[in-house]
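This report refers to the structure that appears directly beneath it.
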Amino acid sequence: MTSQLPFFLAHIWLLPMFPLVTAAAMLFFGRKLKNDAINVLCAGSVFISFIFSAGSFLQLLSLPQDNRIAINVLFEWLPAVPFHMLDGGLANFVADWGFQLDPLSAVMILVVTGVGFLIHVYATGYMAHEGGYYRFFGYLNLFMFAMLMLVLANNFLLLFVGWEGVGTCSYLLIGFYFHKKSASDAGKKAFIVNRIGDAAFLLGIFMTSALLGTMRFADIGPALAKGNFEVGDPRIVAIALLFFVGATGKSAQIPLYVWLPDAMEGPTPVSALIHAATMVTAGVYMVTRTSAIYVLAPSALAVVAIVGAITALFAASMGVVQTDIKKVLAYSTVSQLGYMFLACGVGAFTAGIFHLMTHAFFKGLLFLAAGSVIHALSGEQDMRKMGALSKKIPITYWTMLIATLAIAGIFPFAGFLSKDLILGKAYEKDALLWAIGYFTAGMTAFYMFRLIFMTFHGESRVDHEVEHHIHESPRSMLIPLVILAALSIAGGWVAWPEILGGNSVFIRFLEPVVAVPHELRAEAAKGVSSRMGEIGLMLLSEGLVVCGILAAWYLYIKRTNLPQMIANRLGWFYRLVYNKYYTDELYDSLFVNRAKDLGLALGAFDRTVIDGAGVNGAGWLTRFISKVSMWWDTWIVDGSVRFGARVVWLLSIPVRMIQDGLVQSYMLLVVIGLIGFLAYYFHIAHQAMH
Amino acid sequence: MIPTEAYLILSLALFTIGVVGVLTRRNVIIVLMSIELILNAVNINLVAFSRHFGSVDGQVFAIFIITDAAAEAAVGLGIILAFFRNRETVLADEMDMLKW
Amino acid sequence: MGHLIPSSIAPYVLPVVYAVVIVAVLPLLAGYIVLLERKVMADMQARLGPMRVGPHGLLQPIADALKLLIKEDIIPANADKLMFWLAPLVSVTMALLAYAALPIGPSFQIADLNVGLLFILGISSLGIYGIVLGGWASNSHYSLLGALRSAAQLVSYETAAGLGLVSALLLAGSLSMKEIVQAQYDQGTWFIFSVPVGFFIYMVGSIAETNRAPFDLPEAESELVAGYMTEYSGFRWSLYFLAEYANMIIVAGIATTLFLGGWLRPFARWHDHFPGTSLEFFDVIPSLVFLAAAAYCFYLAPKQPVQIQKAVMAAFGGACLLLAGAMAAALFASPEVMAGVHGAFWFMAKVVAYLYAFLWFRFTFPRYRFDQLMRLGWRFLIPLALVNVISIGIAIVLKQSLGWSPFWAMLVMNIVTLGVAAWLATEGDKPEAALQTADTES
Amino acid sequence: MILNQVLFYFFALLAVGSAILMVTRRNIIHGAVFLISTLLATAGIFLQLQAEFLFVVQIILYVGGIMVLFVFVIMLVNLDVALRQIQFNRQKYLAAVLALVLATQVGFALWVARAGLNLSNPSDKMPARNTEAIGDAIFQRYMLPFEIASVLLLVAMIGAVVMAKRRV
């Protein structure tokens, strides 16, 4: 079918290859290259793939509405093997090296390559003075490759390849400053926590292939239809839950969110690209990709929604008390991801993807701006040592302010549209979920403006030696900021809701690929809910947001000592929240230390039983046997040999006495022989005479 | 007219002395000289018999023996010189490099 | 007087007498040869030479002999007594022993061995032991070096000299001295004219054998003090001295016998075959010589400063007069006596001429270096002698088998030999031609 | 006749005595000298056996050639330490005894054979001119051995030169 496809769609598989090539180049001979060459190669390759994805997106648009899908299979990865499914039917298992482009992955590749390119450009400025420049960009390009593989895969197995690839790259990049213990620990933490989710995800994949007999996304829908499972089938629920566990791992949801705040140890562009814009959203993508399964498992959907809502609330509450600027952004990322899962959980997968996109814009911008601030303050991350920077670094200030307004959800900005879409859907599903999301929105506004005020306003608390050389970042860092700011403003307009007289193009663009729960489908058939309700919801949220902003202003500009008093007032709760609800300690005491104990026990077992009894015993036995055989060799074998040699030596004594190499003794022997000969001759003659 | 056996006994005596010298002396040069002595005894023997049988063949053989003695002395002394240059010794029982 | 002597020892009487005469006369002769040498040297160097002892030093040899005999006899402390005592004895004994086969006249010979020539060569070649042992026994580096040098020199040049003699032997066809002289008489020519190359080779070789200049390296005063004689003194030294001069006379006698016709007077064969010709005056030459000597003595006698010297000079003149008379008387005695006496005269004359050549060379030629000496011996003389022998053999074959005349055969082959000699002379002067004489030099 | 016998016994005693001294002397030079006298005595024996040519050859070659070579080498190799060293090797007594045994055996053979060979009265018909006779024998009957001997001498000469070279 690839034959009649236009060029870009026929060659999607090229898309991940550009970053792969440059990554290989970096990792193999990057050490030899100059920084400029590295910039051109890496950013250039990402830009090329961005152009490529834009082109393929346009060509995808040109296709007819109902089959906007392009699949090209390079080759069969695992050859077709017939096997028995759970229901006994015979299926042909096939996993091929195939790429698939449909509206969902099109959005994803646009976000990934676009934001990725901007962040590459930013990184060229941010990392300019770091060591291991080529290493950093090599990892970054490798991540781009893996992420594109992830979003372009046409089957679970290939998606899992990308899934693990991004995990590996995130590990490498978190631990980029491997000489810092905290950084390497954070990398390890991220990796291990992800392992849990990945294990579940892998189980889900197995169950899927066992149940549906296929791995291709395109075949899942038909397989489900052919298997005509009724809604709530426990096997489907199990698959859905397993997938969701995988998603929580990758996308930092409760209970596996703990790795993301620590991941802020990595360089800021990494935080922006991987831990805000792209990778952490892979879970959302995956859930959306498998929405056909989820709609058959309402209970799983409920779990997703609840977990997402609670995560959003928890993370927001933790973000309120954080003082490290990047940590604040990290918790806000977690809570925004919670929003997305909330959307998915209530069945509004398209809303989730929409929020994913807008979030990629403004959260990436926030991280980059924060990085610019840190850059300006030469490495300072603690907000209590900032303040009154708005005049000193205006561009950073304004772009960050825009992003903050966007994430807070002020009316025309992108965040407003996506978040209110989610809230609307949640309200239609369940009021409690809506309430949580609503409250979270307020907290978001509060802590984000707390960040803004503490950083840019009030009186300066910057150290003096730092004070002197505060400077605006270079142009290579500012241009991405500006572009992303523009996107944070206008990026959401592609889904301008009908209520405000728009037509949500984006939603309808995504409609064909995502499934919709039956009751929603029924409501949709029943007709749109009351306009006034939606408008009211919007106004309510705007009001709450404004309150949050004012509270932040009051606390951190007007009465700067008040936060401390509040903290003292509700001490234990503050401490609880400030210490992140002791989650890490809890996990440590529950899992980590237990695992360590298990390791110790196993180690003891190894030492005592396996090493002691087994290995050392075997060694001792071998040595004993070898001693015996050595005794045998020495005394019996060698002994007999030496005995033979001794005998020969004894027998050869006379010969040796003869063969002494002295000519005169030889002469003596000649004389002796002569005498003997003469004696014999006389004997003969005497006999002859008689 | 002196009987032939007198010459034979003389040559026997010289021969025995030569043999003793060859077998017992450590100095290679004296060993060589003893060999010359032995050859000399043989010469006496030959000449005595040549007179005994009234033909000169014995003397011819004596001449050949003298020739051989000359050759042997030349080569032997050459060897001794070379050996002495390398080993600083002319003792026969220190020349045991054959024994390896 | 034959009946006085028992027949058992009759054949041994005459040889013993001859031997006693020779042993008695030889030292005196040697002494006077020394005097002659000094006089000739002085003459060649425009000096007078010994004049004090006796008129014109005529008694010098006796004085020297007395001095040597009464001189103290030193034996070095570390010397090997036996050898030190034996060596000069060996030298002089071998030198004197060689005279046994030397025919001074047709009848004046101790023993006519049929291997006479070889006997003389062998005995005189034993003289080397005197030198080598003496040099070794005196336990001195100079002596040892001199001894080794002279030993090497003798061994090298004996070969050449012997081969030089062989060419004459081929012509003579015998080893007996008498027969050799007889062969020259029969062939009517001295072999020096038949084989001049052989004579030349033998002459050089004999000079080297007797350690005379220019081959006197073993006793080169300038290099090693006096060679093997350094540690010797007094009587032993005089024995060496005597041996050396005896050897000189021996080689001169051999040369005379083999090449110069022995006791034959010039043109002997013509004289005997064509009696009454103008050659008769050879008979009176001996008497005339001695008469002239006597006259010179009487002429000098009055000129002597001292009375005693006048008397001595007159006595010498008288002695010469007696000899002249003896020579004249022999003319009228039996032919054998006449031949014996005159033969002895002619033999002595030739020997003295040969020795005069020795002295002449000594005073005119510079001394050789050792490697030059060896090169000359091994790379020129010996090959030349071999070629000479071969060519003489060819000449004899030409003469006997192809019936050439002896004159032409000898002429052709000698020309060939001389050509080879010229080639060798150019060839032997190659600088790298130094012989492997490492042993003798170390 | 008497003089003949006197000469024979003189020469014989001289030969044997010097031979014994040659074998037993400590000083090599003395040994060489005694060997020389032995050879000279032998030469006298030859002369007395009417082998004049051999007598001269003995003197010229043996005494005048070979022994000179010996004395030479002795003087080159002569070490004072050699005088202080032990002169006889370990097997001397055994060797002497065995040599005597051999001598007795040969003497026994002689004693047995003397009658058969009629040794007591040798024939007295030697050719008069000894040298010519030997020459004829060598150059006619023993031509080939003579040539072989010459080749042997050549080989020996080359060998000696090679051996005695400074660095071989």
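By letter and in written order, the chains are A, B, C and D; residue numbering begins at 1 in each of them.
Definition applied: a residue touches a chain if its C-beta (ideal position, glycine included) is under 8 Å from a C-beta of that chain, and two chains touch if they have at least 3 such contacts.
What you see is a predicted model, and the numbers here were worked out from it, not measured in a lab.
Here B is the chain whose Cα centre lies closest to the centre of all protein Cα atoms.
Separating the CA-averaged centres of subunit B and subunit D is a span of 6 Å.
Subunit A and subunit D, compared by their mean Cα positions, are separated by 112 Å. Separating the CA-averaged centres of subunit B and subunit C is a span of 36 Å.
Look at where the CA atoms of subunit A average out and do the same for subunit B: the two points lie 106 Å apart. Residues of subunit B in contact with at least two other chains: 19, 23-24, 81, 92-93.
In subunit A, the positions touching at least two other chains are 662, 664, 668, 671. Residue positions 439 of subunit C each touch two or more of the other chains.
In terms of inter-chain touching, the protein chains here follow a pattern that is not a line, ring, star or complete graph. Shown are all chain pairs that touch, namely A-B, A-D, B-D, C-D.
Residues of subunit D that touch subunit A in their complex: 89, 91, 94-95, 98-99, 101-102, 105-106, 108-109.
Interface residues of subunit B facing subunit D in the complex, by the touch rule stated above, are 1-10, 12-21, 23-27, 29-30, 32-34, 36-37, 40, 43-44, 47-48, 50-54, 56-57, 59-60, 62-64, 66-75, 77-82, 84-85, 90-93. The touching residues of subunit D, when paired with subunit B in their complex, are 4-5, 8, 12, 15-16, 19-20, 22-23, 28, 31-32, 35, 38-39, 42, 45-46, 48-51, 53-54, 57-58, 61-62, 65-66, 69-70, 72-74, 76-77, 79, 82, 85-92, 95-96, 98-100, 102-103, 106-107, 110, 114, 117, 119-127, 130, 133-134, 137-138, 141-142, 145-146, 149, 152-153, 155-157, 159-164, 166, 168.
The touching residues of subunit A, counted against subunit D in their complex, run 662, 664-665, 668, 671-672, 674-675, 678-679, 682. Against subunit C, the residues of subunit D that register as touching in their complex are 27, 29-30, 33, 36, 52-53, 55-57, 59-60, 63-65, 68, 71-72, 75-76, 129-131, 161, 164-166.
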